[in-house]
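Letters A, B, C, D, E, F, G, H, I, J, K and L mark the chains as written, and numbering starts fresh at 1 in each.
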Amino acid sequence: MRVLILNGPNLNLLELREPDLYGGRSFDQYLMELETFFEGRVNISYYQSNSEGGLIDYLHNNMDRFDGVVINAAAYTHTSIAISDAVRLLSVPVIEVHISNIYKREEYRHHSFLSPVVEGVICGFGLDSYRLAIEALFNRV
Amino acid sequence: MRVLILNGPNLNLLELREPDLYGGRSFDQYLMELETFFEGRVNISYYQSNSEGGLIDYLHNNMDRFDGVVINAAAYTHTSIAISDAVRLLSVPVIEVHISNIYKREEYRHHSFLSPVVEGVICGFGLDSYRLAIEALFNRV
Amino acid sequence: MRVLILNGPNLNLLELREPDLYGGRSFDQYLMELETFFEGRVNISYYQSNSEGGLIDYLHNNMDRFDGVVINAAAYTHTSIAISDAVRLLSVPVIEVHISNIYKREEYRHHSFLSPVVEGVICGFGLDSYRLAIEALFNRV
Amino acid sequence: MRVLILNGPNLNLLELREPDLYGGRSFDQYLMELETFFEGRVNISYYQSNSEGGLIDYLHNNMDRFDGVVINAAAYTHTSIAISDAVRLLSVPVIEVHISNIYKREEYRHHSFLSPVVEGVICGFGLDSYRLAIEALFNRV
Amino acid sequence: MRVLILNGPNLNLLELREPDLYGGRSFDQYLMELETFFEGRVNISYYQSNSEGGLIDYLHNNMDRFDGVVINAAAYTHTSIAISDAVRLLSVPVIEVHISNIYKREEYRHHSFLSPVVEGVICGFGLDSYRLAIEALFNRV
Amino acid sequence: MRVLILNGPNLNLLELREPDLYGGRSFDQYLMELETFFEGRVNISYYQSNSEGGLIDYLHNNMDRFDGVVINAAAYTHTSIAISDAVRLLSVPVIEVHISNIYKREEYRHHSFLSPVVEGVICGFGLDSYRLAIEALFNRV
Amino acid sequence: MRVLILNGPNLNLLELREPDLYGGRSFDQYLMELETFFEGRVNISYYQSNSEGGLIDYLHNNMDRFDGVVINAAAYTHTSIAISDAVRLLSVPVIEVHISNIYKREEYRHHSFLSPVVEGVICGFGLDSYRLAIEALFNRV
Amino acid sequence: MRVLILNGPNLNLLELREPDLYGGRSFDQYLMELETFFEGRVNISYYQSNSEGGLIDYLHNNMDRFDGVVINAAAYTHTSIAISDAVRLLSVPVIEVHISNIYKREEYRHHSFLSPVVEGVICGFGLDSYRLAIEALFNRV
Amino acid sequence: MRVLILNGPNLNLLELREPDLYGGRSFDQYLMELETFFEGRVNISYYQSNSEGGLIDYLHNNMDRFDGVVINAAAYTHTSIAISDAVRLLSVPVIEVHISNIYKREEYRHHSFLSPVVEGVICGFGLDSYRLAIEALFNRV
Amino acid sequence: MRVLILNGPNLNLLELREPDLYGGRSFDQYLMELETFFEGRVNISYYQSNSEGGLIDYLHNNMDRFDGVVINAAAYTHTSIAISDAVRLLSVPVIEVHISNIYKREEYRHHSFLSPVVEGVICGFGLDSYRLAIEALFNRV
Amino acid sequence: MRVLILNGPNLNLLELREPDLYGGRSFDQYLMELETFFEGRVNISYYQSNSEGGLIDYLHNNMDRFDGVVINAAAYTHTSIAISDAVRLLSVPVIEVHISNIYKREEYRHHSFLSPVVEGVICGFGLDSYRLAIEALFNRV
Amino acid sequence: MRVLILNGPNLNLLELREPDLYGGRSFDQYLMELETFFEGRVNISYYQSNSEGGLIDYLHNNMDRFDGVVINAAAYTHTSIAISDAVRLLSVPVIEVHISNIYKREEYRHHSFLSPVVEGVICGFGLDSYRLAIEALFNRV
């Protein structure tokens, strides 16, 4: 199973983002653990961009290369109709994840334009949200 | 690890609820599969009630018997402050699950009184949401 | 035709509820008149509970025993998503009734979670609302 | 008992209006059945207009000729304060009816300017709503 | 000075409208008093219609015959953009009047589509509101 | 007839306030004209304060000295519940006036806490609003 | 192709309506130009009414005489559910037009009850909006 | 004087509820102090339930046994119309109390369905709120 | 214990304010009773002002002279952020009281800027609210 | 006449976007038809970007090369103030188009930040919306 | 350059106001530093009042004595239309300042009635906000 | 002191943007004046991008090179949560500036996602807002 993890703005500097919420680890460190965990079962690709258009371009250009997508659109979750339109174009299952529990944070983080167009949502488990999402994809694909 | 699965109103008749959304399986059938899956790793208890007060009573009376709780409060998710107050009393991690993707349904199902008081939320993966929640508890406990 | 009349909270003390709105008669007195009126045509069952969960339990457990349901969920009309989910599980026609004209009362009584899941609504005719609902069921069943 | 049935805009072409909701019968056909049903008991008059002012004029000019009114103001239900002011002028009981269950339709059909000024509301029983309304008038007059 | 008094829906039956608010007098009786009061100073024309379109037609067709307009659009005050558009077409001063104090009544009577397009508003003085409006026109014309 | 004209904040500098809306005349100049106009018929008192409490104190202390009150609370119209509570204490008729048409101005000037507690409202006739209000008091007292 | 142009309230006096927005031309003058433009290709009928009911009556009575409808309901665009219900009854394509750009005007002109029931919307091109609508009908019919 | 103290959901575990807000004392401990304090003056009964229906049942069944009621409906304060309907049925004075100052907590705890149907509200004095409520009942009964 | 009772606008004329709500007694009469009641236990000071600024000045200038404050800000409760900022400056406990049950009155009296900055709220017990507040202070100081 | 067609996010994959709404044709195919249609009359340039900033950059850099712009900002229509600010900088006429009728889709697609800054809007005619927009530009340039 | 610093309610006790936000310095101490800083360049006058009317009176009476005004209306920023009307009367530039960053505080402090009528706003720099405002006035006067 | 001035969309064409609001000067011209003004005291860097992602990338990549940031995010101020998340990652003080007074413009420009995460806000002083922001940074760094 080929899975794309697509990360949105500021997740490239995860280690700087409020350590209480995010744990102070870089995403690259976590990615290596994840690859080890799923070794032999899942082929994980990773793309991060701070640009709304960049995320859409990547989805368009790599559509046929994956069996499932795990997306953490970060701040764009709450403001981007364009990314949710791009997700609708995909024919493979897409899962929305959040590292922190967005319902414990500012009210403007409670609404997601992605949720109505994805399979399911996993939120609040720290970086483990990504692992759970890949587990979920297994059951779907 | 001892886990409580707590199900809210109408989930006792899951097999009748809109089969498109819920798959037409009874929860008891699923529970047996789940116990098999986690055999030797997790001891699963199950309680269902159609009564808001009944769910609270059960949580109060069994508080010390579990290492984690997976709660699907169904319709009470959206209307019960009392259950979310009961969840706050627990000292073990609690995970909110939904079988269907609530963001694809009526607007009044988009708000949850539970989300701000639980560890995390897993929603939209059919009955597999429960399995993922137990996997998530493993990483926490 | 077997019809269930299901009454929600405080309707057991109808004779005490604002006599201007409700007429000061007890529901039991009315029920006897109703049975006389429909004698030979309809078999009327009656259940009342002050508990949201109790109403749901009764519907679940007696689902197969009726050809139609007349429901006056009283205050739960405006607050219970759980009861409306239970009504959705039924395969027989359900009719929502109100004794008083809810649109002449407090604004929070103007919205009903039941209305979108029932066949029709009859409201404002005093206790006669129940008789009209049973007449309506005749045309449906 | 003399009853006026007052129908609002587009109900003259009932047979064309979304047959799923309205059943594809013309109102004139139904009216004949209704007259047969109530023969000897009720004298039914009928007036339909697509004009808000036309409906008000008719009510003003015929006020003294009826013992009760059954009104389906159709779209004007939701937009006309003027018709509800005209209804307030009447001293006989007025009943609001709707053919379809307006709570299953667009949100802007959920509010009625008529409901707070009528005796009661009957909605969702197809054309049978009119018959039930006349039954209800019997108990009032 | 030639003044048009333009009355909206239900004002033809003023004597029936909630006598507490309106005084139980017919508008025709009042009109005669008004003509006497302004005799020699003002030529008063009067038009009433229950139809939104009828009021607009009258304004269009008689535009050049008056030096000022006193308008009580009654219920259309709160619902008709069309009448306010017609008022904008006039080049003579227009004054909005209300017999009752609309701010003591239902909330939906507090907003007026006319107010932003007229010279001024006089409200709450019973039928005397009309006399005051004509006095006001004197100072303007 | 003894009438109090009570003016709120900034009306002491009427001549400076946006001349397009207010005409560039001082209120004192206007007051003299008004006294001349009503000479022999009305005894006019005048009080202005920029202080919410000052306006209330004046009403309390002079309650028994007038047969009617004309109040232009200016900005306090829209923000002061305290002044409207003071007006409720009066047993003589009170009329609310505005020089400009407040419905042509900022949205926050469209709501008045005074309107529901006064006899009537006169707005938009420039300084002539005051004269019309005194005329209206004549008919009431 | 037979096309009906249906104009709503105040458009009969287009030449008087805010010349900046509408250009000071009468609709009749424009209609002649339009007929010349489409000569031999389209048979244009025209109907205007200031009455909501009048517009509905015309649509009902002439339903079968046209291959397409161009509707500018003017102020009724924003207030009439009844006209949008009438449009739904038609089986030919209907196009909504506006002379001015309604999104540059008052907020209450931004919502249209017609838009969800028509083929498409053309707005802001002055009288040329009508010509474009007929061009659009060509592609549809 | 016979007084009923009626406590809603989760108050049975008061000693666990956020000790900063509630003081870490159990309600039973407090009750004994209260009985000592009012010894000889007031006969205090106590009932607690986590069930909305249970609270209503208790009120219905014990209506005649008390001269006054002190109610802390906890979370049901904000969600239960049914309990407020039950309170309306009582003919003795009812006082609403809250241990914490609900206006310092989440916004959804600021609205109470009970407040408009009780004599008065006492909130924010810790457990002392109950004593003050009984003192208040003395002055009423 | 030295207690300040601080009363806001119009409470100096309590005897005139809607006697049904306030009992027709003057506050000075009540104050004497209160002093008698607490004689030897509490030293009561009293200040009333109709001015928002006057109330703030008094609090600033007398801050050190009291062990607790009972405040009934009347209409300013609902409109004054400035008074609530002044209350925040105090280091002694402050209790908000209302004579009438504000939740039975106009909606704009349901929100209080004071509640989130005081110890607790007592409302609806008539003048007895003040006595209860002083009792509450005893337990705090 | 030189016209720029500027397309926003996901329109590069038009052929994949919900074929029911968009017809399953690629935009490039349509563009060729369009060029043929306007051959000799209009010189059409085309630019598409998935990036908000990319669309703005293109407008800035090519401002002087066109006599008119046809813009379909797709999802950015509803979220981008930045693009509407860029459109304001242009001195040539700009027309907003939409392929589908946005008023038949999700509520969040009903509001456009572009509409108040463009000449006019054409929406709902499928790809033909572009042709109509160019026709409209002809009449303007 | 003559500058007026006008401070609103509670700023006379700045040293007591939440020291974390305001730094625990009195405004008088700061004023001396400010005068030293601008010595020879600016003549600074200072007025503070806790009274809305007092602030307006001061502005009215001293209008001609300053070349610019720096206003911190504190709580009145959010509630006073009267002060913003007074500011409009001034012909010299006025600058709104806030010591704390009001956007980090309660939501009701986010809206300012002053902002739309002043030159500019400076907020969040502690007491330094005043110095920056005077610098800004230099560039304007 | 090293300061970054970060400008958002369309500010590269400042000279074209509504000259009344912005003064018709290019930002580059202003930047040279600013560098001269602060010569020897501040080292000013400048970056502008029309892309949300581009602004975030620049902040991420240059984080360590500045002692303070002055940000004018233009339209992104009101729509970008992503940029405000990036600002939170910075450990140096950030100041938000606006050239025009955004509170005099469209309502959708009144809310800023940046304000709650910056030190302070300076708005409405034309290009001088930037100079004031750098002066403010001096006092902070």
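Note that in this section a residue touches a chain if its C-beta (ideal position, glycine included) is under 8 Å from a C-beta of that chain, and two chains touch if they have at least 3 such contacts.
No experiment lies behind these values; they were computed from the predicted model shown.
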Check: Can you name the chains that touch chain A as well as chain I?
Finding: none
Next item on the list: Go through the assembly and pull out the chains touching chain F as well as chain I.
Entry: K
Check: What's the call on chain A versus chain J, same or different interface residues, using the half cut on shared numbers?
Finding: different
Note to self: Counting contact pairs by residue number and requiring over half to coincide, which of F-I, A-J or K-L is equivalent to A-B?
What the structure shows: K-L
Note to self: What's the distance between the Cα centroids of chain F and chain J, rounded to whole Å?
What the structure shows: 55
Item checked: Whole-Å separation of chain centres (CA-atom averages), chain E against chain J -> 48
Next item on the list: State, to the nearest whole Å, the distance from the C-alpha centre of chain E to the C-alpha centre of chain F.
Entry: 24
Check: Any idea how many Å lie between the Cα centroids of chain I and chain J?
Finding: 63
Next item on the list: Would you please write down the residue numbers of chain F that are in contact with two or more other chains?
Entry: 51-54, 79
Check: Which of the chains touch, listed as pairs?
Finding: A-B, A-J, A-L, B-C, B-H, C-D, C-H, D-E, D-G, E-F, E-G, F-I, F-K, G-J, H-I, I-K, J-L, K-L
Next item on the list: Provide the residue numbers of chain B that touch chain C in the complex, in ascending order.
Entry: 8-10, 12-13, 16-18, 49-54, 74-76, 78-79, 108-109
Item checked: Parts of chain F lying in touch with chain I, wherever the complex brings them together -> 51-54, 56-57, 60, 79-82, 84-86, 88-89, 113
Checklist line | chain A-facing residues of chain B, complex | finding: 101, 103-104, 112, 115-116, 118-125, 128-129, 131-132, 135-136, 139-140
